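A short worksheet on the structure shown next.
Note that the chains take the letters A, B, C and D in the order they are written out, and that residue 1 is the start of every chain.
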Amino acid sequence: VSTVDLPDIQRTHPEHCLAINWVGVRDLRSPLEVEIDGRATATVATLSLAVALNSNERGTHMSRFVEEIAAFDRPLSASSVADLLRDLAGRLDARSARIDASFPFFLRRQAPVSGSEALVDYEGRVRAVLDDGIAVVTLGVRVPVTSLCPCSKEISDYGAHSQRGYVSIDVRIGDGRLDLADLVTVAEDAASAPIYALLKREDERHVTMTAYDKPAFVEDIARSVAMALSKDPRAASFSVDVENQESIHSHSAWAQILSSP
Amino acid sequence: VSTVDLPDIQRTHPEHCLAINWVGVRDLRSPLEVEIDGRATATVATLSLAVALNSNERGTHMSRFVEEIAAFDRPLSASSVADLLRDLAGRLDARSARIDASFPFFLRRQAPVSGSEALVDYEGRVRAVLDDGIAVVTLGVRVPVTSLCPCSKEISDYGAHSQRGYVSIDVRIGDGRLDLADLVTVAEDAASAPIYALLKREDERHVTMTAYDKPAFVEDIARSVAMALSKDPRAASFSVDVENQESIHSHSAWAQILSSP
Amino acid sequence: VSTVDLPDIQRTHPEHCLAINWVGVRDLRSPLEVEIDGRATATVATLSLAVALNSNERGTHMSRFVEEIAAFDRPLSASSVADLLRDLAGRLDARSARIDASFPFFLRRQAPVSGSEALVDYEGRVRAVLDDGIAVVTLGVRVPVTSLCPCSKEISDYGAHSQRGYVSIDVRIGDGRLDLADLVTVAEDAASAPIYALLKREDERHVTMTAYDKPAFVEDIARSVAMALSKDPRAASFSVDVENQESIHSHSAWAQILSSP
Amino acid sequence: VSTVDLPDIQRTHPEHCLAINWVGVRDLRSPLEVEIDGRATATVATLSLAVALNSNERGTHMSRFVEEIAAFDRPLSASSVADLLRDLAGRLDARSARIDASFPFFLRRQAPVSGSEALVDYEGRVRAVLDDGIAVVTLGVRVPVTSLCPCSKEISDYGAHSQRGYVSIDVRIGDGRLDLADLVTVAEDAASAPIYALLKREDERHVTMTAYDKPAFVEDIARSVAMALSKDPRAASFSVDVENQESIHSHSAWAQILSSP
């Protein structure tokens, strides 16, 4: 049996004549390179790719999404993802298309006193949406940080509870070149202290006192990030979500700021 | 030390004078009752509660969110969640407030031939948002279904691959009373076959042939659900997301339709 | 077509004549009652049930596992799970059988100063294994706690990092009646401080200073739990696993002690 | 303050004089290379490292575990992980040590008719345990497969339900060189059909009919894998776990075979 003889059910007419906003593949894993701190670095991404489907077409061609990823051999960046997006839309003859990628990435960090080096892990994400010829690219990170509670410090004779927090930032790209590593810096600067993979005793002393000297609520962290991004021309718009995995509760405290469009 | 003497850091002024869209608690688990098929049934929910915070207030009072849930003793429904929402906004003196709850729920299903009964599990969710005095309530479900591929059936001499799919529906409530069980029915009617917890051999024969007789792409299922909801006055607006966990791939196929607002 | 006419493939002979250690159903969700603090309380459990299969039988009868759960109408406890286990083995004519159940549960806790009450959530689990007529039942909990680092406190001029930890305990039942609530107490007593859902300011002051006064490594917590259990005749054997979700790292510290058999 | 002046709390005596089976770090993420199909390939691993601690030592030195990983620059393999294990034990002066690594990996697969190529994703894991000088290394995989129900096929006039299954194999290394890719082959050979990332229509026809021609219960798949491994001198011992994510149920069917030690 050759392909020519096999019926193409996707091309038949649907029972209900309704346009579909997004159709494609989800949870597709692929090794790829991502541009971090200006350099291509290997990681493993989880991808979702989709296109819009007209009301009179029954189905999309799922294998083409996979072929696009299989043929993609550039490091993922704001510009390469926009090119991939246009290829995808063209290949599937679609008016709208979108790509979502999420992946772990790593930055080499020096411990603050000993200078010992190790990699800290972050979550990165890239979203690209093409609509009527316009591609909009959003870069995002999820950054673990230390947060120390200002209320606990103020009301107690000694000590103050701290915990791991996560600062999530998503930025729609504006003017200039934005790197995921830049967003990590914005997140870490807003917290009580950055997180490290490797700390010797003299470093642990340093980060303990640094955090105590800079207590921050989720509200404080969210506002600091929003303030930094609102002044940055590289951010056309942004959202910031801060979650503290409270050490005195089994639930989290969270705050979210969305920039005006 | 009495409470009166303890400083209230949350009431001080923030360093950055920015309004916060949402601040509150997340991943708070609580046993509660949910109204399913007209009856209050016990489940365990994961909750998120938040309010808007003015630009000149440093922090919200996190313990009040927990107190609201601790004091809530009604079955969760479209009307009770709206009341809880107003209480929350009033208690925290906030212009906007929101509540998100997700929880497993169960419906007793009869196997199609033997009539054997057992409970099938679904995910439910309720979202309520209050903005300037208007409460908007959204009900949602995630329903496991059987899907059988129309293309595989058509191009093969025998057989056709099937797999577990998940139909997610979220509906903003319009006119009349909407029950989570109704949304489950809409989802199951659109699939190749509903899923059961308990099937004897004669039932398995029935569902195997039922699914073969009713092949459906993610696109087909999404359109059927959208068609049913677009005719239902109880749905002011809706979104439907269909995901097939393909048995021939390790990724999923998915389709999404969002109603016009 | 009646059931009588349908072939029973499971009863045919397997291609490879090998005994199977465990075969059954997994990730079956069911609402059920669990005995907590001496009282039956509603929750939602995730269950796994299995039996051993002889080398000359091709397959087990999966629907019978579901029927057993559908017919089970007692609160889950050490004695009821042992009865369920024997029913299951008898029903499937199996020499060995096992049941694993995990579920969230809640205990009402009073804040230490204000006395405010709210529910704290824990994970519980029950495992029952039947082998040649002997049923062995294991009860387990996963308890969130506050831990404060002894090293950080000692080496810093002020402050000390704290974080959320999780103490997991599994106990094979020995002499006397053991309750999941008892295991929660053992875990909380070993930590720097218990976790609460609801804390007013005076309570937060109290738990902050309590934790600072009782710093504990994962090693310290594991040893305290092991010491308490080794003296308790209700524990025939046990394992304890402590994990601190470090606030200064994005990885966890962990320690594990297994009792001698 | 220099390190020399900072007290080393870990070296003090514990309150309870109990040996600790395992203490170390967990959920440490690191980019690394793994040997797959004889070639070093980049991936991101999640690691757990631990040592045994004597009853008279209060704590281990957590930063040394991270230093070991930071300094490890070889592709992960049965031999390199054994070397890492000995380094770790030596560095921490411990009698026992263990390392657990899990990571995604990819194999290039050709579609069965069109020959189209794309990467399929698998989960790999390596465990190494050192006890009194003896290192035991275990390699494992989790492989997605297609399974088609023999009962459904036999009792139905047409069709047969299929679903995604996962075959998990863990093998303690015996004589000769074992590769993760070999374990993938064992898993895929036992299933109704392997899974592909990219299938054109002629390929989908082929896998649909292949699976229909080779129905397999979880019991059948587990036995086929066990039979293959029991004849392989490279497997000193093994466990196999097969889980079918049933398309007609929302729970899974599973079977497990453990080799005699």
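Note that a contact is a pair of C-beta atoms (placed from the backbone, for glycine too) under 8 Å apart; a residue touches a chain by one contact, two chains touch by 3 or more.
All figures in this text were calculated on a predicted structure; none of them were measured in a lab.
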Rounded to the nearest 5 degrees, what is the angle of the rotation relating the C-alpha atoms of chain B to those of chain C? 180
Centroid distance [mean C-alpha coordinates] between chain D and chain A, Å: 28
Measuring centre to centre with CA averages, how many angstrom lie between chain B and chain D? 34
Out of chain D, which residues touch more than one other chain, so two or more? 6, 28-29, 66, 121, 151, 155, 197, 199, 201, 205, 250-251
What pattern do the touching chains form: line, ring, star, complete or other? complete
Note: in the complex, chain B contacts chain A through residues 6-7, 9-10, 14-16, 18-29, 48, 50, 53, 58-60, 62, 66, 150-151, 154-155, 217-220, 222-224, 226-227, 243, 250-258
For a test of understanding, state which residues of chain A touch chain C in their complex under the given definition. 120-121, 144, 146-149, 151-152, 155-164, 193, 195-197, 199, 201, 204-205, 207-209, 211-212, 245-251
Complex contact set, residues of chain B against chain C: 1-3, 6, 8, 28-31, 41-44, 63, 66-67, 69-70, 104, 106, 114, 116-119, 121, 197-202, 205
